[in-house]
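Accompanying notes for the structure given below.
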Amino acid sequence: MPDDSLPENLADSLADIADLDLDRTRRRGYPEAIYCEGKSPEQVGLIAANMLQHRGITTLFTRASPDHASAVLAHLPDARYSTTARLLAWPPEPPEPTGRPVVVIAAGTSDLPVAREAYLTARYLGRAVELIVDVGVAGLHRILARLETLRRAGVLVVAAGMDGALPSVVAGLVEAPVIALPTSVGYGASFGGLAALLTMLNSCSPGVSVVNIDNGYGAGYLAAQIAAPA
Amino acid sequence: MPDDSLPENLADSLADIADLDLDRTRRRGYPEAIYCEGKSPEQVGLIAANMLQHRGITTLFTRASPDHASAVLAHLPDARYSTTARLLAWPPEPPEPTGRPVVVIAAGTSDLPVAREAYLTARYLGRAVELIVDVGVAGLHRILARLETLRRAGVLVVAAGMDGALPSVVAGLVEAPVIALPTSVGYGASFGGLAALLTMLNSCSPGVSVVNIDNGYGAGYLAAQIAAPA
Amino acid sequence: MPDDSLPENLADSLADIADLDLDRTRRRGYPEAIYCEGKSPEQVGLIAANMLQHRGITTLFTRASPDHASAVLAHLPDARYSTTARLLAWPPEPPEPTGRPVVVIAAGTSDLPVAREAYLTARYLGRAVELIVDVGVAGLHRILARLETLRRAGVLVVAAGMDGALPSVVAGLVEAPVIALPTSVGYGASFGGLAALLTMLNSCSPGVSVVNIDNGYGAGYLAAQIAAPA
Amino acid sequence: MPDDSLPENLADSLADIADLDLDRTRRRGYPEAIYCEGKSPEQVGLIAANMLQHRGITTLFTRASPDHASAVLAHLPDARYSTTARLLAWPPEPPEPTGRPVVVIAAGTSDLPVAREAYLTARYLGRAVELIVDVGVAGLHRILARLETLRRAGVLVVAAGMDGALPSVVAGLVEAPVIALPTSVGYGASFGGLAALLTMLNSCSPGVSVVNIDNGYGAGYLAAQIAAPA
Amino acid sequence: MPDDSLPENLADSLADIADLDLDRTRRRGYPEAIYCEGKSPEQVGLIAANMLQHRGITTLFTRASPDHASAVLAHLPDARYSTTARLLAWPPEPPEPTGRPVVVIAAGTSDLPVAREAYLTARYLGRAVELIVDVGVAGLHRILARLETLRRAGVLVVAAGMDGALPSVVAGLVEAPVIALPTSVGYGASFGGLAALLTMLNSCSPGVSVVNIDNGYGAGYLAAQIAAPA
Amino acid sequence: MPDDSLPENLADSLADIADLDLDRTRRRGYPEAIYCEGKSPEQVGLIAANMLQHRGITTLFTRASPDHASAVLAHLPDARYSTTARLLAWPPEPPEPTGRPVVVIAAGTSDLPVAREAYLTARYLGRAVELIVDVGVAGLHRILARLETLRRAGVLVVAAGMDGALPSVVAGLVEAPVIALPTSVGYGASFGGLAALLTMLNSCSPGVSVVNIDNGYGAGYLAAQIAAPA
Amino acid sequence: MPDDSLPENLADSLADIADLDLDRTRRRGYPEAIYCEGKSPEQVGLIAANMLQHRGITTLFTRASPDHASAVLAHLPDARYSTTARLLAWPPEPPEPTGRPVVVIAAGTSDLPVAREAYLTARYLGRAVELIVDVGVAGLHRILARLETLRRAGVLVVAAGMDGALPSVVAGLVEAPVIALPTSVGYGASFGGLAALLTMLNSCSPGVSVVNIDNGYGAGYLAAQIAAPA
Amino acid sequence: MPDDSLPENLADSLADIADLDLDRTRRRGYPEAIYCEGKSPEQVGLIAANMLQHRGITTLFTRASPDHASAVLAHLPDARYSTTARLLAWPPEPPEPTGRPVVVIAAGTSDLPVAREAYLTARYLGRAVELIVDVGVAGLHRILARLETLRRAGVLVVAAGMDGALPSVVAGLVEAPVIALPTSVGYGASFGGLAALLTMLNSCSPGVSVVNIDNGYGAGYLAAQIAAPA
């Protein structure tokens, strides 16, 4: 016997799931974001279907599993899905880039999924973005070879797990602010990204701020804000 | 060769599983609660069967997986099962509401399962309950729009994961006590709800107390106690 | 018998204490900063004396105790010392403000020292700064009354201890990026600012990044970078 | 040279220190509370002087050191100061008790300061309060001897450090809600009250909620709310 | 191509797996114990086969999964396997009890597996053991009803998860030493048994010592030692 | 104006400080213990004075600072005070030793205060005790040279800070149970004794149990219980 | 619709995956190492295929699952795979041993996988290596019986989980440096190897340094460096 | 009345304080080390006096406060005392350097005391040592300017607090092993050196091992071992 028929106001209508703040788009000028983790594919599908009535609004579905993606694509078949970044974007075309360029750096290959989430987020919020991969501090020549690109950026996102040392090094090389993005890459005493997080919070280079572990969306969003046209 | 035939007093009779405290109902006036996690479906089924002999006593089976639910429904087919809240109630009719109203708030959609467990618990303990969903502090207008409902409550349960900031905000808006209910919703440095828990313990608003992470049952129970008729 | 005569290259000359990176000023356009904690007043005095030869370069002495201040003022009598912010600035005149305005917010009076360090840092790095005090989330009307000021800012620094909830609320009200600055204000389960730090890292509002606990200098520096003229 | 003459709006006037929310009294019907820790005696004295203009409003100064107390008593000589609870109350007469009785329990003698802060807070918020001391679980006969008093309470505050086991035991003996108040009493693996806090959050008795370590004010406030006349 | 043919001395012979200390039996008078977790069923089977040559020696296989059990039973078909305690004993007959009686207490039903491991270990080390279940502190009458049994014990093992409060209460009721055995039963802020562990380490009752979380074997071993005939 | 005249039942009479459980002596046959930390010298002095009326009862004052000691000696001038162990005993003569011998081991000289507290406690509870100092695992020959003494013991207390490795080694050498006593000796990642505590809880030798960090009293008490005559 | 066709520079070409630092071999004289965890088998296969063009360079694939191994063996069929150590080596022949001998010790059988990773790494970096297993501190005679081997070593790697006490004991017996290698073997308060890690960091024997939990590759690499010919 | 006359074997003779292992010098060829923290100046003075009878043996007194130093100098007036490193050496002349050179690096000026302790330890154990100061990763040009010195070293000690990133960078630049030495320099989320410790344990550069926070003695000792003549 179904529970949800019981308490009067618990029916799983969309109104119950989420009071969507569609004005936010207009207020902040950025896409609506749906955090999929902890929502069922059915719930995410309902939200996607509802989006069809709001054609002008770009929507990002973050932390979307393949099941979430199927549910969205059933309603929005032209949405784009990045399996690496676990991100869906609809409509699929990113806006024309404005503002200053964003550079996203992944210290190692394993940091790529989180870095790509930051990349795509900043791109869909309207910035030009460049992605640099596998330039960890164990081989300084690799990051030093990209110095010119680094110094062109209006803001940099630096994703790193394990020792999390790269943002400190990068911040010492550039004048723009650095968003440090700790990842859960590592093992043992990395404690799921805690080690990298602490490293970054204690950076001896000024100009570094930190977002949550694996929070590629947050880093990309912030980068887009900072590099937005004045 | 079966182990349990060995030591004399280990047979898995009901007496061995649990010394059911059926007097508690009379003593405190509330349903008997069976915490299912860590019990096998067979054990839970045995307890359910035993309940048939205690018709007058309402029983809640908390943290009940679908397998637990099947085992209960085999013996108590009219029990109600909320898959979201993982709660079974038998008999299925909640009592007539008495006392002051309880308001249960879920900061985000992902906090709904825990909030619903609190909702149902308070309801089966005899209170009128109202549930408000998706009113996180990132969009204050949503919670401010419900101010009238909030201020009607005799007690409020506020479930939130991630930054866990909502209880502090709500407590500043009402005169009734607030039960802060941290959830394990989040990732990275949320550490399974620890971040939200610490936020709530450090609330700068007086009138806030905290229960364990994801402890919807405890929050609902306490709310029912506080809002009980004098 | 003095130890330091022993190993050949350990004499406490300035060269041994710090390889001052005076080019940084030219490279990044910002003042030289001397972190005083862990240095003796004598060492800090030596550095101050050395600064006389670099008249054009603004210097900030951060985390300066009264003893550090005396040592600096002995050599640079016109330096300005904020006892609250534990900051010395020399020369004392801040530059003409350029770029977008910075708003620094202290949730409570006890967060003021850290907030003032951020204020002065951003000011000496060349921004116009406004300071708002005692607008914690326990009384939302106080922060809502300052909405116009908040929305004028190019970037906001929000200092809070205890529950650390204010940055999430502020970020939901503005379009500019928010630098969350956790303070060690609190007791018990605030664990020296850890609770506020975790709250901020888990902010449910996008557009929030975090610096180290009590790192007013870092927050002010970053704010000045973000709000710098393009 | 004074810093505070420098930045235009930083003068230490009262307006800068705290935007006192004197309406809260009328809004919630409770005394205004000033948290003294982290404020200088001078700042606290300024606030006390200002109170003279608000004769009708009861004020509690919490976490007041002897120096804070002297600063307050200089302006409000008839204020009452409890050195144990580090609390000042002005005017000194508590209101007539209304609502249901509150029982405050201190597991050991060392928990008395925190328990007394809870006692006085609940008393000045208008409840009748009874205090029970030294009834830890190592000697159950002591708490069982007070059973009648415990069961008379509309709400109980149970302060305990070390193993923090007393609230679980008390909650199993009464029908009223229990506010568990962990204290920093203990050593070694008590980690400043963390052990007691965790014990209480994991209480196997329903009807227990928890406040921050050593937060006697918060526990007393909440108790007064819960036991307030309907 | 097999790795293990490569380095000369890595062949997975029994000699490589474990330098079995069969003299320990004679030295300490207790069974040989094989910790199965982290060993493959094949490795455990090899050890079991080897035991056939040491008929006089009792062997306990602890933390044995069903796969481990099958591997042992293939060689020692008369071994006894307790699925609850994950323990195999061979030969299956426990020794005649000597020394003082041991009482093992499980606070809740979910603590039973760990308690049973302690029970069986103490029994196979030669003590008479009694097991008491579901006597948590939320209903004191249940433990008080067993007072006579408790006071007969030469040593008590008290297994509890969640708040871990039971050992403190028991130790206050008896004269014999109490071995506190924290279990990983719980959720949220129980942190896998850490909360119960800390509670027990901070017990306000003297006469309590603690073993590792879920270490039923260690608790039973220690109990047998303490209650051994002089 | 004195606070304590205010609330009716808060006068600092002895009755308020502690409900002394003087029957415990008869019940368990051990001295009464007064934990001084967190009590004022005045309070401890009051308790000491009260003891004069209970001549037959041995009393231990633990964690007694020199100020506590002076307050006790003012009333009980023949009490013995160990500054190292911070322990006062009255009357000063320990009882005739009975039961089996206790051996207390201090891994290093810095562990001596805690070890001596255990030594004196066990001695005043009626056991013969031997103390061995500075036999850490860095020089195994030192502990091996005491093997005969170790094996004579009915129970051993092993106090160690830093790596806390000694109890594991000792337990592998003897047949009697080992009480592991972690101390806060160490620095850096010893985290006030946490490292030693964890080492001991994870001992790979069976027969080890653990008490709280620096809990010499608890270790000595437990040792006396275990080694008591049957 | 494929995401990766979208952003211009995200194609999963090898260049995107990893900027392989093939010069490192020449620079440091050691094999190239590929950390497989977090890379897909496809990515690892691509790297393996690429290695065919660099015949002279030895490559180690660490933390290789069976799926990773299959992907490598498809391209490099003569590579050697150790399932225990999760390590692939190509070409399969280790170099002629030079320098001083390395001794790798596994405290228990469960520590063998990590120890074997250290063994193979040091062997492929050019050292002679000897492996000793199951010599934990609970039976000192086992390690003492290997004293001659221990003292022959130029450097020792000591892998241990649980209490992590073995490196302290070994370092007290030899003159060569000891690399302590904590493993995640254990349960409960071992916290995934944290207990062993802390034990080793706090070793009371000088001459001990520590690598990350389960970091067999790092320990073997370092051992090879230390024991390299001068 | 003195306690220490009571228990027979507790007199504070030297034999009681420490079983000095004077053979260690001959066994390992290194100075005897006395760890002063936790010993009284009197105890340290006694040990110093005793050293006069062992003229041939070099002794290091580590973690020596000025009071410890005075006590030593009273007996050994020609001992050398480094106030920075808190180290006394007697006799004062270090041995002729042998083996390969050691390089000790301090990331910042505040790391100098710990680095100097490592420097002096390695020097008195017989190595040539070079010290480099203030070369943190925020200004890479500073460390890169010392590349030639770094690459000459047989082993490097890298002391760093805050983000602890320098050892990873250095290890990527050299072929010799790197001993990472975390310091407690920092504030907020550095947690007394924990952040730097975790960074170093998670170094993405192979060839890095770690010692305890602030353990300059251990780092210097290990460096001397590694760089010792074969």
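Chains: A, B, C, D, E, F, G and H, in written order; residue numbering restarts at 1 for each.
The working rule: contacts are C-beta pairs under 8 Å (C-beta built on N, C-alpha and C of every residue); 3 or more make two chains touch, one makes a residue touch a chain.
All of these numbers come straight from a predicted model, not from anything done at the bench.
Shared contact partners of chain E and chain G comprise F.
Of all chains, the one whose mean C-alpha position sits at the greatest distance from that of chain F is A. For the pair chain B and chain E, the fraction of shared interface numbers is less than half, so the two copies use mostly different residues to meet. Interface matching across F-G, B-E or B-D places the copy of E-G, with more than half of contact pairs shared by residue number, at B-E. The rotation relating chain E to chain F, fitted on Cα atoms, comes to 180°, given as a multiple of 5. With respect to chain H, maximal separation of chain centres occurs for B (centres as means of Cα atoms).
Computed from the mean C-alpha positions, the centre of chain C lies at a distance of 34 Å from the centre of chain D. The distance from the centre of chain E to the centre of chain H, with each centre set as the mean of the Cα atoms, comes to 43 Å. Residue positions of chain A with contacts to 2 or more other chains are 139, 188-190, 194, 197, 201-202, 206, 212-213.
Contact between chains, per the stated criterion, is found for A-B, A-C, A-G, A-H, B-C, B-D, B-E, C-D, C-H, D-E, D-F, E-F, E-G, F-G, F-H, G-H. The part of chain H that touches chain A in the complex is made up of residues 107-108, 136-140, 162-165, 168-169, 171-173, 186, 188-191, 194-196, 198-206. Only residues 27-29, 33, 100, 154, 175-177, 179, 197, 201-202, 206-213, 217-218, 221-222, 225-226, 230 of chain F touch chain E when the two sit together in their complex. Chain F makes touch with chain H in their complex at residues 78-85, 87, 92, 94, 109-110, 112, 116, 119-120, 123, 129-131, 133-135, 139, 142, 185, 187-190. If you check the complex, the residues on chain G that touch chain A are 1, 3-4, 6-7, 9-10, 16-19, 21, 24, 35, 37-39, 43, 63, 182, 184, 192-194, 197, 212-215.
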